[in-house]
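You will see two complexes here that share subunit A, one where it goes with subunit B and one where it goes with subunit C.
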Partner chain A sequence: MTREKSARALWLINGLTLLAAIIFLSPVLYSIWMSFQTSDAYYAGGVDFTLRNYEVAVGQYNFARYLLNSVIVSGIVTLLGLSFATMAAFAFARFEFRGGNLMFGAVVATLMIPSHITLIPNYLTLARAGMLDSYAGLILPAISSGFAAFFLRQYIRGIPRALDEAAYMDGATPSKVLWRVIVPISKPAIFSMGLQLFIAEWNNYIWPLVAISESDLFTLQIGLARLYRVNPGEDVIDWPLVMAASTITILPVLLGFVLVERHLVRGITMGAVK
Partner chain B sequence: MSSISLRDIRKSYANGPRVLHGVDLDIGDGEFVVIVGPSGCGKSTLLRLIAGLERCEDGEIVIDGRRANELPPQDRNIAMIFQNYALYPHMSVLENIAFGLELRKVPRKTREARAREVAETLQLTPYLDRKPGALSGGQRQRVAMGRAMARDTSTFLMDEPLSNLDNALRNTMRTEIKTIHQQLGATIVFVTHDQTEALSLADRIAVMKDGHLQQFDTPAAIYDRPVNRFVASFLGTPKMNFAPSDAITGWTGRRGVEVGLRPDTLRLHRERPGAASIEARLTLTEMTGSEVVLHCQTQSGVMSAIAHRGQELPAPGDRIWLEYDAAAAHLFDMQSGARV
Partner chain C sequence: MLRKLTPYLFVLPLLGFMAVFTYYPILQSVNLSFREWDFMSPSKPWVGFDNYRLLLTSRDFWNSLKVTAVFALISVPLRLALALAVASFLIRETAVSRIARGAIFLPAVTSTVSIAVVFSWVFSTDYGAINGFIALLGFDKVPWMQDPQLALYVIIFVNTWKQLGYDVIIYTAGLQAISLEYYDAAAVDGGRRFHVFRRVTFPLVMPTTYFLLVISVIDAFQVFTIVDVMTRGGPAGATDMIVNMLYRIGFTLFDIGTGSALAVLLFIFLIALALVKARVIGRRVHYDS
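Moving on to the complex of A and B:
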């Protein structure tokens, strides 16, 4: 009886989970399906399979270039952001120094500042430095993440200090302790934070819009937004083309997620428990 | 050569009480010194100061004749074994053992050969590719020891390395540590709260209490001539019996003195054997193997004595007499606890 009940409960849970997954996935699946339709067939309500939307997005609207720019910018932001956040987190978690608590408070305080507030100061600073319309202009404002430093500091505090001490006794310097002991052990948290930084930068729209005017430096989000304005005179937007471009936009992120998924889930679980 | 001298070491933690109140200790080359004391007496802090993991606020630490107060741990060339082993969880057994050599830029082939040699000594060869998470407590303890042994050093610090092991394994590892000490001729400073470990391992024992060094001497000297009541009561199983002098025949004239009698010096009798004896009632017996511990109620409190198993034993509740040897008794001042 109890076994029957629990089997039924399992079926119910699985069914509800499947339903939730379908609801969440349906817009994505619909947009992918739409991206393989011809515009005429889509508006006529028919079905006509084609790859032309992808050819147009890549060939005519330079989406391959935008994809490359997004990969370069998001990749470098993730690498540099993680490096700086890890070093800051290690310092805040392990060393006592004058003003340390105040500095950490300042880092945490940055989490409360809306990103749009920093838009104009960042623009003016980079304009004065002559860095607008460059990769540096896209990357530099994004490489310091207060949240990443805070998150990793909390994680590192959960690692027994005895491991650092054992490494010091083995002859390690503080930087060796960080890169040879702390970082490998913190891999789940670092992967999790890395994916978050990557997605945030990948989806960043406002800053590239403000900082970049040369089309060769456009990222995917800017390119995608420009598709709406391709033919300003026409009322009809070529939705299958937009969906093809959107699919190109989400694929690398999905691929990244699949690659680090195991670490990401462990990272989130660990962060929740600690 | 590896000697350690501690001069007037004082240490307090931020916003906390003082944990060390001027400790002096001279540890000779190749000596096995055990620091023993109850929890919170400052023994681990003292070890961490020698290691360089803590800074002392006063006093001097001299290692191999060189002042080491300002030296970071990585420059002291000392190996340490931690209570919780502190093995690197992402590295294999081989990598754990060889890590110290890698940091000292020993070529890969040389360090791997050295790590394998150490692993062979500690019977860890079948586990070289395993991560610490896949090892038992005893194996982890051996890896921690291997990591220290692989280093080119002759000074080892051990912070209660056996405390997480079961009794059988602890006995085996104790013998292994003693053997390794004899083989390497290294200087070892070993911290424990287990007095059996202290007595069986040490060339000399440092007994600590509340941040003060109570006595630093050979195990025999500490057992036979404890400098105060605390040392007398801390070392020896079962504990030394104490009774006010006016309750024991022979010392009734001496005021303000406590008499200490080791349980193994008391002899059991059914009838009063003479003046040098204490009347008691047997409350319970404890078999420990070849011996039986007798717990007795006397006029001045509970006392323990040891009988051999072959001996005919009284039943709990029976009246007995405990004969003592006046020459083996210890006298302590009741106020200060110091040996009289």
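Moving on to the complex of A and C:
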């Protein structure tokens, strides 16, 4: 009797928990649904499926280009950021060199430095270099990740040195040891860092807002904010169109999230709790 | 010889970019904060502390500081309390808990601009979901984002909704690190659930709470995107967070000197907080070992 009752209570709790999770996400879920509705149906309160909003977002508002820009910029930032961080992490973890501790300190200190202090000076630096309104201008300030270097250094220190030494005995150079021994073993850590770098850059807003005025170079974030802001007057916003643009903006990360959520959670908790 | 150079070559790219895009800008900001400049004119005359004086006597600055402080005072305890409650509730590693935690975590990795746009619709006066419900119940529409009394709370709500999942996974890790022995001991003592929470869980998870406290205060002082998309700091400055003010002074008014002075002030404050965080983390390591 009591067991039956508690089994039923468990079902109820589980059901309510899942319902609460759906309600929690309902604004985003509904925005995706809305993006497939015609404006007329939406404002009249009906249901009428269409892909037209996506056609307009891509055709009239250049969202395919913004998507491409976001992929290029986030992709390059992730690749270069990971390479630089891994190389530095290897040096900090495995070599004793003069100034090494000081340099590592300088890398870790960047974790505390709020990025807003770099806004105006970096704008000036890139203006002087003629790199505003270019991919380089979006990419270069974003590729030195102190957090990734710190995190990977901790990880590499946990790898037995005997593995390096065996490779050196076979005549390997330091770069060979890094790419053939350390990197393959560190794959899980490098993967979680890569995810974090990619997501952070994908969602970056303030820097592209400052550095880009040429609309062909807008990232999705800027394109979406502009589309929503073009006609700020409440009655003229075409909400289903805006939601189609928003869905294009979140979909890549959303799909990726379903696949890699565990890696992401592990990376973040390792970084925070360690 | 080459062997000696190796580590330097490995750290060079990272440190080179950091020097140019992180460390040099700090010095440059301090330098510019003592000058008057508009991006255009060829000279940047030295004006001493004038920019700081101007800032500290301006209404906008104190308004922005107040708005940001109110934001932090409300959103930080709200985030922590909700996150601890949710993490405790979902602590068991069942499929349902994991799905629910995933759902709550999702907004933390989703585009802030998209979230701000979606909630602009949720809270929009004429077509929004919330006013739809309110109308259904027979009440008048509420101008959520146009009312200076309400707009900041809308921003706090959206920010909390977005960040909650991050706090939940950190708390989950913190709670799961607490040894089960403590709970067993408390259970033997006949502790009731709330009692166990207050006397056992809460004190033991305190280091995580400190960590999240500092992180979320730092976050609060760096909010920009949600405000920029939803309200642009309005109505009447009611949501004008510090970084939004910084952006406006620097990139729409082109007052580089004052913008830099504001950046430096905020920088000093956040570094002080970060040092507190570093001490807290240091203490936590001692707890662990």
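Assume the second predicted complex is superposed on the first by the 223 of 274 C-alpha atoms of A that agree within 3 Å, B and C clash if a C-alpha of one lies under 4 Å from a C-alpha of the other, contacts with A are read in each partner's own complex, and residues count from 1 in each chain.
One rule holds in what follows: a residue touches a chain if its C-beta (ideal position, glycine included) is under 8 Å from a C-beta of that chain, and two chains touch if they have at least 3 such contacts.
None of the values given here were measured: they were computed from a predicted structure.
Peer 1: Is A:184 in contact with subunit B, with subunit C, with both, or with neither (first, second, both, neither)?
Peer 2: Touch status of A:184: first partner only.
Peer 1: If you count the residues of subunit A that each partner touches, which comes out higher, subunit B or subunit C?
Peer 2: Ranking subunit B and subunit C by residues of subunit A touched puts C first.
Peer 1: So in the superposed three-chain picture, is A:254 touching just subunit B, just subunit C, both, or none of them (first/second/both/neither)?
Peer 2: After superposition on chain A, A:254 lies in contact with subunit C alone.
Peer 1: Looking at the overlay, what does A:90 touch: subunit B (first), subunit C (second), both, or neither?
Peer 2: Touch status of A:90: second partner only.
Peer 1: Check whether A:246 is in contact with subunit B, with subunit C, with both or with neither, and answer first, second, both or neither.
Peer 2: After superposition on chain A, A:246 lies in contact with subunit C alone.
Peer 1: After lining up the shared chain so the two structures overlap, which partner does A:236 touch, if you call subunit B first and subunit C second: first, second, both or neither?
Peer 2: Once the two structures are laid over each other on A, A:236 reaches no partner at all.
Peer 1: Can you check the complex and tell me which residues of subunit A touch subunit B?
Peer 2: 160, 162-163, 165-173, 176, 180-181, 184-185, 187
Peer 1: Residue numbers of subunit A touching subunit C in their complex, please.
Peer 2: 14, 17-18, 20-22, 24-25, 27-28, 30-31, 43, 83-85, 87-88, 90-92, 95, 97, 100, 103, 106-107, 110-125, 140-141, 143-144, 146, 149, 174, 178, 199, 202-203, 205-206, 209-210, 220-221, 224-225, 228-229, 234-235, 237, 239, 242-243, 246, 249-250, 253-254, 257, 261, 264-265, 268-269, 272-273
Peer 1: Which positions of subunit C touch subunit A when the two form their complex?
Peer 2: 4, 6-8, 10-11, 13-15, 17-18, 20-26, 28-29, 32, 89-90, 94, 96-97, 99-100, 102-107, 109-115, 117-122, 124-127, 129, 161, 166, 169-170, 172-174, 177, 208, 211, 215, 218, 221-222, 224-225, 228-229, 243, 246-247, 250-251, 256, 259-260, 263-264, 266-267, 270-271, 274-275, 277-278
Peer 1: Looking at the complex, which residues from subunit B come into contact with subunit A?
Peer 2: Residues 51-53, 72-74, 78-80, 82, 84, 86-90, 99-100, 103-104, 147, 151 of subunit B touch subunit A in their complex.
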